[in-house]
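What follows is a set of structures for review.
The same chain A turns up in both complexes below, where it pairs with chain B and then with chain C.
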Partner chain A sequence: MAYTVVGKSVSRADAVAKVTGKAKYTDDFSERGMLVGKILHSPYAHALVKSIDVSKAKALPGVEAVITHQDIPKIRYATAIPGVIEAIATDEVGVAELKYATAGHPFSLDPSHRDKEDRYILTQRARFIGDNIAAVVATDALTASKALKLIEVEYEELEALTTTEAALKEGAPLIHDDCERNILSSAGYVIGDIEQALKESDHLIEGEYETSIVQHCHLENQISLAYVDSDRRIVIMTSTQIPHIVRRIVAQALGISWGRVRVIKPYVGGGFGNKQDVTVEPLNAVMSLAVGGRPVKLELSREEAMIDTRTRHAFKFKIKTGVNSDGKINGIQIEAVSNTGAYASHGHSIASSGGGKFRYLYQTKALKYEPLTVFTNLPVAGAMRGYGTPQIFFAFESHIEDISRKLKLDPIELRKINLVETGHVDPLNQTVIRSCGIRECIDKGKELIKWDAKKALYKEQKGVKRRGLGMACFSYASGTYPVALELGGARIVMNQDGSVQLQLGATEIGQGSDTVFAQMVAEVLGIPMHMVHVISTQDTDISPFDTGSYASRQTYVSGMAVEKAALEVKRKVLAVAHSMTDIPAHLLDLKQQHIVMKESGERVMELEVAAMQSYYDRVHAQPITSDVTNNARINAIPYGVTFAEVEVDIKTGKIKILEIFNVHDSGKIVNPQLAEGQVHGGVGMAIGYAISEQLLFDEKTGQPLNNNLLDYKLPTIMDIPEIGAAFVEKEDPTGPFGVKALGEPPIISPAPAIRNAVLDATGVAFNRIPMNPQRVFEKFKEAGLTLN
Partner chain B sequence: MYDIKAYYEAESVEEAARLLAEKPNLKLIAGGTDVLIKMHGGQLEEAELLSLRKIKSLENIHVRDDGTVAIGAMATFSVIFHNAMLKKLIPVLTEAAVSMGGPQIRNIATIGGNVCNGATSADSASSLFALNARLKLQDEKGERVVPIREFYLGPGKVALNPGEILTEILIAPEDYLGFGGQYIKFAMREAMDIATLGVAAVCKVENGNFAEVRIGLGVAGPTPLRCLEAEEYARGKKITAETLKEIGKLAVRSTKARTSWRASKEYREHLVEELTQRALKTAVVNAGGAEVV
Partner chain C sequence: MFKRIAFTVNGKAYDFEVDVRESLLEVLRNHLGLTGAKQGCGVGECGACSVLIDGVPHDTCIFLAVWADGKDIRTIEGVAGINGELSQVQQAFVEEGAIQCGFCTPGLVLTTTALKESGKDYTREELKRELSGHLCRCTGYQNIAKAAEKSLEGHICTCEDSPHYKGAII
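Take a look at the complex of A and B:
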């Protein structure tokens, strides 16, 4: 379909605000008399707090409050009863500590679908180095830091379990008393008769693959500002992807009614899933309550944020695949062990989500997925861009490459033989693939990188530097349906001049959602972009309900609500025009700020005239607005592929990525330039995942070794080649304007494509990432790869 | 927020030296890219700082009449990199300068601060070692000059006596004239990283033979170091792939690499052997020699 604004690379709605520094982030806000909060973290990976002496810290001038786990029930009790905030910490109230779940999922009315409640605001039992033991509120950051050093804690050390093997071992101590063998969950699935499928295959191929713990490294660390307002409600401004969920979880953590919490989300400097979780907010609320509701800012340093927020789950896979000589895959059996760290967070759903989204790529007779999500005394793993899929696709897209080599089949043809087709119905959740451009993506990628010509060129290399090509595919989903609730909310108010305000529950966190929503509204209402004013701030008191930015859901799920809201406004405008002209509304349309005849394009009146009528008609005045919620009970499956060319230095083990192309089928692309930006960001992250990034810990103590940006090797712009982004726009009939998800997908397939390119260049298969120089060097040595 | 108890600024070296003598607690701060990090990390509390940033004479880079290159301790890495004279005379040093940090850091970090911080990973150190640099130190009573090899005592430890300020880095003409050099910073990233290994090689070529070779290594031991055994071996040898190979092997013998989570001893030694050869290979070409194939 031909669109005017949708499909065009219009400038970001917030471009000027961000470039001129007018965009305000949480740290740009301050309140009169604002205090500073800081956290005392556990220095032990597993320990009991025997005693805490805060007297010296409290005595330091400038310290306003020192809080330990003992104070939390009192503060909670006081806040639960409106009007008794002043009573805080004055008397013993003896209310038990409250556990809460942090994962940013929509609430479920079904208790069995809720997240595991295993977190205390401050804990008496440390489960990882970085766990929150005590907190200080002071007049300034320096005083708060000094006070932390004056808190005397006596710990009783417990055995630290830093690997999943140690945690699963018979007789290992339990990190959570109610989780046997330290297993959080093991929910997998079986399709067909896997034993039979493997047995009747010509070849049985096995492989083991491993991914590492990495961190989001969003530019803006976790930061929030909390105070109690004149209405005795707790107000929290925070850098989050999920303001409405933060409201609920803070209320749950404090044991108060949800309406007594108000959450405000200003501009956010990136999240990548780490802010689809509640981290600093409940403690920040407690800090404010501990000082009589005064404003307190709590900002994590990079060193804190890298271990005391969330990380990406490290996975270990064992895969067994039955395949016939012609390349047809009969059955796949995948065992996965996922390291979820010290608390549940999103852990249980990440292993299952990865296994679920994986099913949309290849068709087999039988598929068995057995994940095990295991607690360890390491930082908490949670949501991160891709949500379990970068792990499983690294494993399987490496594995299928290994199969192609064993069977001497072309790796691309082998994949094509097994790919799903449009019309495929998922046997477990009945999702229908209504658009599938994976084959076109592969063909386009192959052409872009000049696959055939380079393959021929790179045969028989002997030198120190060798080149190779690799590719990998992926499938994903647009939002979480049918697993979770998918509500999108949008509200539009038309002004007298025909311009509109667009209010969203969906959150702009840098990905560009405000812009694409504005484009949708501009398209439907026939107005230019500058007449759509997006309210970028979400305020749970004001903004429509929408669960936020995650699962690559917004353009698809929230976009449905936006489109509906715009269509409702359009209908109302045309009704006004009808009342003024007696031309039936169904003959009218909105184009270029005019009401026009749909067929001929004849201009009937300016949009402004109808808008003025709606405001000031002496009889029928009623400003045009819409307030829409959409419950998306459907999904659309995005696809894509990475093609990579690498050069490997055989002597130093360094891998250089020469060219990389990501080709995506994300349906209709609303804004090509923003879409390319998403791909650049995702591929850049994936390159780090593939060759350099890994959070390291001392295996004995669980001590983080590199929780800073010097020692954690996040790539710089100098390490990233020019990234090629291309799109195959298979419009999905269910998506607003035919869109499908794009936010997370770019990070999924580059790592296995790079791995396969290194295999092509050197003949050495790396089944573990990152492929950093030392590992590459050691593996070459082990494989006997030498010069001459 | 930094834990700064007092802050002084000197306008001249003399004033700085006097202040240091009066208040032995003072910690010198140049660009601040190391000192402030230490304060941020809590390793330096209630600091009393003496800033050298107002002493413009310390930013001077010039060639003395006798050909000695004198680099003021407060010259920033950006200034060193962009200095046309240095680029022409001692490119191995300007290359090292631009490998350091990122543009913002290079704009404030100084070479004197880099040296006095005493880190084996200092990006300027390998080249300064290979260049036989000498350091001019000044205190209230006078000045002395020490070779850089005697200045580094251990990790974070340098031979700066109480009251002394590093004012100039000196490179004698016989140490750079006629030499070709190459610096390789091997790090996990192409920018904003700490070296896994720094290799600076300089050499003089005569009739296809090495007249002189000097190799400075960073992160191959607790301090930057020289590969004297390899250098001695190289003298007078014909420049061939075999000679380079032997130099690489011998270079490892001067190192004191250790295994840490950053890299294993074995890998570091392998890198020393390989990268010394690569650096020297380019240095030969830069010195006017023929390319070794």
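Take a look at the complex of A and C:
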């Protein structure tokens, strides 16, 4: 369908605000008399707090409050009773410390479907280096830092379990007393008769694959600002992807009514899943309550943010695949062990989500997925772009490459034989694949990288620098349905001049959602982009309810609400025009700020005339608005592929990416330039995942070794090659304007594609990422590849 | 301990006392209300806090405010015209889609502005090296490189036999 605004590369709605430095992030706001909060973190990976002496810290001039786990019940108790904030000072007893869950999921009315409540605001038992033991509120940051050093804590050290092997060992200490063998969850699935499928296959191929812990490294660290307002409600401004969920979780952590919390989300300096979790907010609320509701800002340093927020789960996979000589896969058996760190966060659902989204790519008679999510005394792993899929696709797309080499089959043909087709119905959750452009993505990628010509050229290389080609595929989803509820909210108010305000519960965190929503509204209402004013700030008191930015859901799920809200405004405008002209509304349309005849395009009146009538008609005045919530009980499956060409230096172990293309089927692309930006960013992040990034820990003590941006090897502009982004736009009938998800998908397939290219170049299979020069060099040496 | 310093920021002269322990970033953000420079790491690793000091990009989180005495400082707030007209560099960042979350943007715009105003020629690799002190996690740097090249139009050296190209470490 031909659109005017949708499908065009219009500039970001917030581009000018951001390029002039006017866009305000949390740290750019302050309140008079604002205090500073800081956290005392555990120096031990596993320890009991025997005693805490805060007297010296409290005595330091400028210190307003020192808080330990003992104070939390009192502060909570005071909060729970309206009008008794001052009761903080009293010694109320009988209120136990409260455990809460931090993962940014929609709430579930079904208790069995809720996240694990295992977190205290401040703990008596440290479970990782960085765990929150105590907190200080002071007049300035320097005083707060000094006060932290004056807090005397006596710890009893416990055995630290830093690997999943150690945590799973018989007799290992339990990190959470209610989780046997330190297992958080093991919910997998079986489709078909796996034993039979493997048995009747011509070949049985096995492989083991491993990914490492990495960190989001959004440029803006976690930060919030909390105070108690004159109605004794707790107001928290925070850098989050999920303001409405933060509201609920803060209230749960404090044990108060959800309506007593108000969360405001200004511009956010990146999230990538790390801000789909509640980290600093409950403690920030407690800090403010401890000083009589005065404003307190709590900002994590980079070193804190890298260990005391969330990381990406390291996974270990064992895969067994039964395949016939013609390449048809009969059965796949995947065992996965993921290291979820010290607390549950999203851990249980990440392993299951990865295994779920994996099912949409290949068709087999039987599939068995056995995940184990295991606690260790390392920083908490949580949501990060891809949510379990970068790990499982690294494993399987490496494995299928290994199968193709063992069976001497073309790797692309082998994949094509086994890919799903449009119309496929998932046997477990009944999701229907209504659009599937994976084959076209493969063909396009193959052409872009000149696969056949280069393959012929790179046969049998012997030199120091060897080139190779690799590819990998993926499938994902648009939002979380049917696992979780998918509500999107949008509200539109039309002004007298025909321009509109668009209010959203969906959050802009850099991905460009505000802009694509504005494009949808502009398209439906026939107005230019500058007449759609997006309210970028979410305020839970004001913004429509929407659970926020995660699962690549917003353009699809929230977009449905936006489209409906715009259509409702359009219907109302045409009704006004009808009342003024007697032309039946169904014969009218909106184009170029005019009400026009649908068939001929003949102009009937300016949009502004109808808008003015709606405001000032002496009898029927009623400004035109819409307020829509959409419950998306459906999903659309995006697909894509990476093609990579590498040059490997046998002497140094350095992998240079010469060319890399990501081709995506994300349905209709609303804004090509923004969509390419998502692909560039995802591929860039994936290149780090594949060849340089890893958060390192001392295996014995759990001490983080590189939690800063110097030692953690985040790619710089010098490290990223030119990234090719292309799209196969298979419009999905369920999506607004035919869209499917795009935010997370670009990060899924580059790592296995690069790994397969290195295998092609050198004959050496790297089954563990990152493939940093040290590891590559050592493995080449092992394989007898290094020259001298 | 406090020390009196005099400096200009975006063409305006200031003369006041600062705590000798304060960074220039803290003074700009907390005292002058110029919040365009951002803190991403606090130790000079990410470049989000960059401003131009006598025309040269500096990480202000590790630049003491007292060192700014007598200096001419330019922040992102001083780049656009008085009526909000975007500079050529800002326009290039908008047009090329070089902005996502926007946290690294002010620093990158300022460094690119310094390169442009130097009047020097750069190869693409040299340009990347000049920008490599700015970390960005959103864009994969693709459109940032494009925007920088567009900003320096006419000053990007592409001929492979030029002395620039030979000097570049690729």
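Convention: the second predicted complex is superposed on the first by the 782 of 788 C-alpha atoms of A that agree within 3 Å, B and C clash if a C-alpha of one lies under 4 Å from a C-alpha of the other, contacts with A are read in each partner's own complex, and residues count from 1 in each chain.
In the analysis below, a contact is a pair of C-beta atoms (placed from the backbone, for glycine too) under 8 Å apart; a residue touches a chain by one contact, two chains touch by 3 or more.
Just so we're clear, the structure is a prediction, and the values are computed from it rather than from any experiment.
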{"item": "First, second, both or neither for A:L142, with chain B first and chain C second", "value": "both"}
{"item": "Touched partner set for A:A456, first chain B, second chain C, both or neither", "value": "neither"}
{"item": "Which of chain B and chain C A:Q774 touches, first, second, both or neither", "value": "first"}
{"item": "Which partner, chain B or chain C, touches more chain A residues", "value": "C"}
{"item": "Touching partner for A:K24 - first (chain B), second (chain C), both, neither", "value": "second"}
{"item": "Which superposed partner A:E722 touches (first chain B, second chain C, both, neither)", "value": "second"}
{"item": "Touching partner for A:L710 - first (chain B), second (chain C), both, neither", "value": "both"}
{"item": "First, second, both or neither for A:Y267, with chain B first and chain C second", "value": "second"}
{"item": "Contacts of A:K651 with chain B and chain C, given as first, second, both or neither", "value": "first"}
{"item": "On chain A, positions contacted by chain B and by chain C", "value": "142, 710, 715-718"}
{"item": "Sites on chain A touched by chain B in the complex", "value": "140-142, 145-146, 651-652, 692, 696, 705-706, 710-711, 713, 715-719, 772-774, 777-778"}
{"item": "Chain A contact footprint on chain B (complex, rising order)", "value": "1-3, 42, 102, 186, 188-194, 196, 261-264, 267, 270-271, 274-275"}
{"item": "Touching residues on chain C, where the partner in the complex is chain A", "value": "21, 29, 34-43, 45-46, 48, 75-77, 79-80, 84, 86, 90, 93-95, 97, 99-106, 109, 128-129, 131-132, 134-145"}
{"item": "Interface residues, chain A side, partner chain C - complex", "value": "9, 11-12, 14-25, 27-28, 142, 216-221, 267-270, 272, 301-302, 509-512, 673-674, 676-677, 679-685, 708-710, 714-718, 720, 722-723"}
